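In what comes next, subunit A is part of two complexes: it sits with subunit B in the first one and with subunit C in the second one.
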Partner chain A sequence: MPTTAGDDAFSQKLKQWGYAMEKSQPLAITSADHQLIVWDGQLQDNTVSSAQTRPSVDISWFDRVMEPATRPLKPADIMPVIAGLTNMLKANYFEEVDRLLKSVKTSDAAPEMLVALLRTTYPVRRKPLRHWSKLLKDVRAELSARHLDGERILRGLT
Partner chain B sequence: MRLKQWDHVQYVKNPLVEVVAQVRFPRVLEIDDQLPSDFQRVLREDYPLLETQEETLSVLIGQGQNKIMADDLPKRITVYHFIAPDRAWRISLSSEFVALTCTKYEKWEDFQPRMMTGLEAVAKLYSVTHWTRMGLRYRNLIIREDIGLKDVPWRELLAPFLLGVSIADSFTEGDYIPEIDVLAAQSYVSVLLENCVLGLRYGIVRKEQTGDQGYMIDADFYLDNQIARFDLDAIKQHLDRFHANAGAVFRGCIQQHLHNALGPQPISS
Partner chain C sequence: MVVHRQSVQLFDSDEVLGVAIGTPNLTNPQQHHVGLIYRIDDSGPRFCHLAWHFMLKDEPLPELYLWGSSGLDPVNKVFMAAYVALLKQNAADVPYGIDYGGIYFDDQGRYIVQPVGRGLTCATFILAVFTRNGFDLVKTDSWPERPDDVQWQQQIIDVLTRHASQEHVEAIRQSVGAKRFRPGEVAAGVISENIPLDFSAAQALAQEILQDMYKH
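The block that comes next holds the complex of A and B.
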């Protein structure tokens, strides 16, 4: 958490500048990337994982998704989840991601986590993420049950 | 670790675009429940303008052109920004922090009393008893065109450790890595100093509209994970110590060539 006054910048000059980002490089997975991926948990159903024939994948971050929130979440709480999911998507682990989406218990998770899951996987929801639409439906129902404005929170996802 | 000391200077072509100090404290529900009109009354003479901001949980997904801002999440707390007429100074209050931001920083002797005014108001009006995090952040933006160094490469202006792999000339068949081939460079390092932590973020920045290139040196001095008494004298001493490190960090990040181009003027310490 950097020192701020609640926003990115007050300086008009500073607002015009941003760290340079590499533009639209393909998300190709190299052998070096594979060496960085470590199996650190188990998927939550009994399906035999394709990790038998492919490099294993770290899903330790998924525990955070299911932790009941005892306080308002901060970006730092969510970033590991987004990073973990993004790594899996970059490595084409769509089946595994789909199983994770299936195993989400919406009644336990913090709304920020649920939204992060949906938004991170949104660009590839038409890949074989068979459970994405159901998760969206379940999250909308759960937000409603918690008296939150699901239409606004989930804007752009439908 | 103690930092190497340099002569205290003030730059004529000051690269500091923003300085912000913030003291965080356990949430004060009173500030959430009631408009901070008493706080405004104390500050109104110097900070008559008011802007409010809903502090939201914003998440950037992806990067580059594909990045998505997930910013339509549930609203959190309101931040009240009390702003000076010239918009160079701003005191911000929320239920979790008070902060001072300056966009035309000249000297600590101007900045510190303004921060103390905000802290005194919080202490008096809301009986804040403890603080949890304190930080003082200096954001330097170096634009070569603005200081007559348009054609001078970064490697002649910045300390080599900032440039890292982007000047790893042994990688290339040529004599050196062309600057134009460095697409992006950004790093963050946190270092434990004698009295605080330094979070140093630095790298190449670009102007969104034009793609012009600059270099950011963003030094954040802080103490966090604290439950310390909200003692104004002690807080002042902490901020003074943070400030004492700032010049040394910036000077250590640049080479003599850039130092000279910025127009250093000696100041008494």
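The block that comes next holds the complex of A and C.
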């Protein structure tokens, strides 16, 4: 399934990731600091020796974030997002998390998913996640457009 | 009624987040315990709570406990229930401590190791979990230091001597007299829609909760 990320969100190679996954092909992508291997939805550092290699991280959950909800979401639907983000933060994939935040299309995602992205990354919102504040602003505008109580839903997030 | 006993009225089937308060030791009815209730799907409600020193538990909601629904909006209830469901695997090693202040959970959801003698109670564990996600349940600055909490703190330390290291116990003695956030007051913060609660508002709602407890 192709990624629904915005045009400027990912490098050209990463934008091909969804297609490559659909074809079950491994794809090398390059970010500013790391050379990463994407394989079946896994991120793995490929720049350091095997002894220092960071653990691979599953990012397949991100597709779920972008899907419009067809039914009210339950906590079980949100858990993979929290766990996925947490695993990326544990592996110090801050740049990649920031890129995911930048790529979110707020018009497509369920409010619960948007809140999960913002609150899970809340402790590192200043640094190194440069796009956290922009996402917060976009989510606030989106909730308002949907006539939802953005002030209450985003309470405490500044 | 602010809270309901689980054995009399089941935690609402469409509810995903709440608070449970009870009396863990029936021979000491003044000692209350509090924890968070969550439900991730159509299964039964779970009770996540700091039971004791390095003893974070996640188990079915006990029948003898009383429950109240979270005052958060539905969107944040879903998120917080999911977050609490993952707590046990991310933050299992939480020591017991009687003072409260600062940040206790990192960006990875793990408990941040504190200086020796510091830790959380069942009640401040809940405050810390909500704070990590941007919610202040209470205005901690408005809390007074209450002389009648000193006796409770000393009793807790006496029991801790059998379960914690001597170093931890000696350090925790330095915190006697610290502000105490009582279980009922923190339960009030979870239930209220108007967070953060100042001390007087939390105390008033806590009083209602305790009245419900003794009514049953």
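Everything below uses one rule, namely that the second predicted complex is superposed on the first by the 104 of 158 C-alpha atoms of A that agree within 3 Å, B and C clash if a C-alpha of one lies under 4 Å from a C-alpha of the other, contacts with A are read in each partner's own complex, and residues count from 1 in each chain.
Here is the rule we use: a contact is a pair of C-beta atoms (placed from the backbone, for glycine too) under 8 Å apart; a residue touches a chain by one contact, two chains touch by 3 or more.
Note that the coordinates shown come from a computational prediction; the quantities given were computed from them, not determined experimentally.
Novice: State whether A:Val124 touches subunit B only (first), subunit C only (second), both chains, or neither.
Specialist: second
Novice: Touch check for A:Ile153: first (subunit B), second (subunit C), both, or neither?
Specialist: Touch status of A:Ile153: both partners.
Novice: Of the partners subunit B and subunit C, which touch A:Ile78 in the superposed model: first, second, both, neither?
Specialist: Both partners, subunit B and subunit C.
Novice: Between subunit B and subunit C, which one contacts more residues of subunit A in the superposed model?
Specialist: Touching more residues of subunit A than the other partner does is B.
Novice: With the two complexes superposed on chain A, say which partner A:Pro111 touches: subunit B (first), subunit C (second), both, or neither.
Specialist: After superposition on chain A, A:Pro111 lies in contact with both partners, subunit B and subunit C.
Novice: Between subunit B (first) and subunit C (second), which does A:Thr86 come into contact with in this model arrangement: first, second, both, or neither?
Specialist: both
Novice: Both subunit B and subunit C contact which residues of subunit A?
Specialist: 73-75, 78-79, 82, 86, 111-112, 115-116, 119-120, 123, 148-149, 152-153, 155-156
Novice: Going by the contact rule set out above, which residues of subunit B touch subunit A in the complex?
Specialist: Those residues of subunit B that touch subunit A are 17-18, 20-22, 53, 55, 57-59, 61-68, 70, 72-74, 76, 79, 81, 90, 92, 94, 97, 99-101, 103, 133, 135-137, 139, 141, 183-186, 199, 201, 203-209, 213-214, 216, 220, 222, 224.
Novice: Which part of subunit A faces subunit B closely enough to touch in the complex?
Specialist: 1-7, 9-14, 16-25, 72-75, 78-79, 82, 86, 111-112, 115-116, 119-120, 123, 148-149, 152-153, 155-156
Novice: Where on subunit C is subunit A touching in the complex?
Specialist: Within the complex, subunit C touches subunit A at residues 16, 38-41, 73, 75-76, 78-79, 81-83, 85-86, 90, 103, 105-109, 132-136, 195.
Novice: Tell me, which parts of subunit A touch subunit C in their complex?
Specialist: Per the stated touch rule, the residues are 73-79, 81-83, 86, 89-90, 111-112, 115-116, 119-124, 148-149, 152-153, 155-157.
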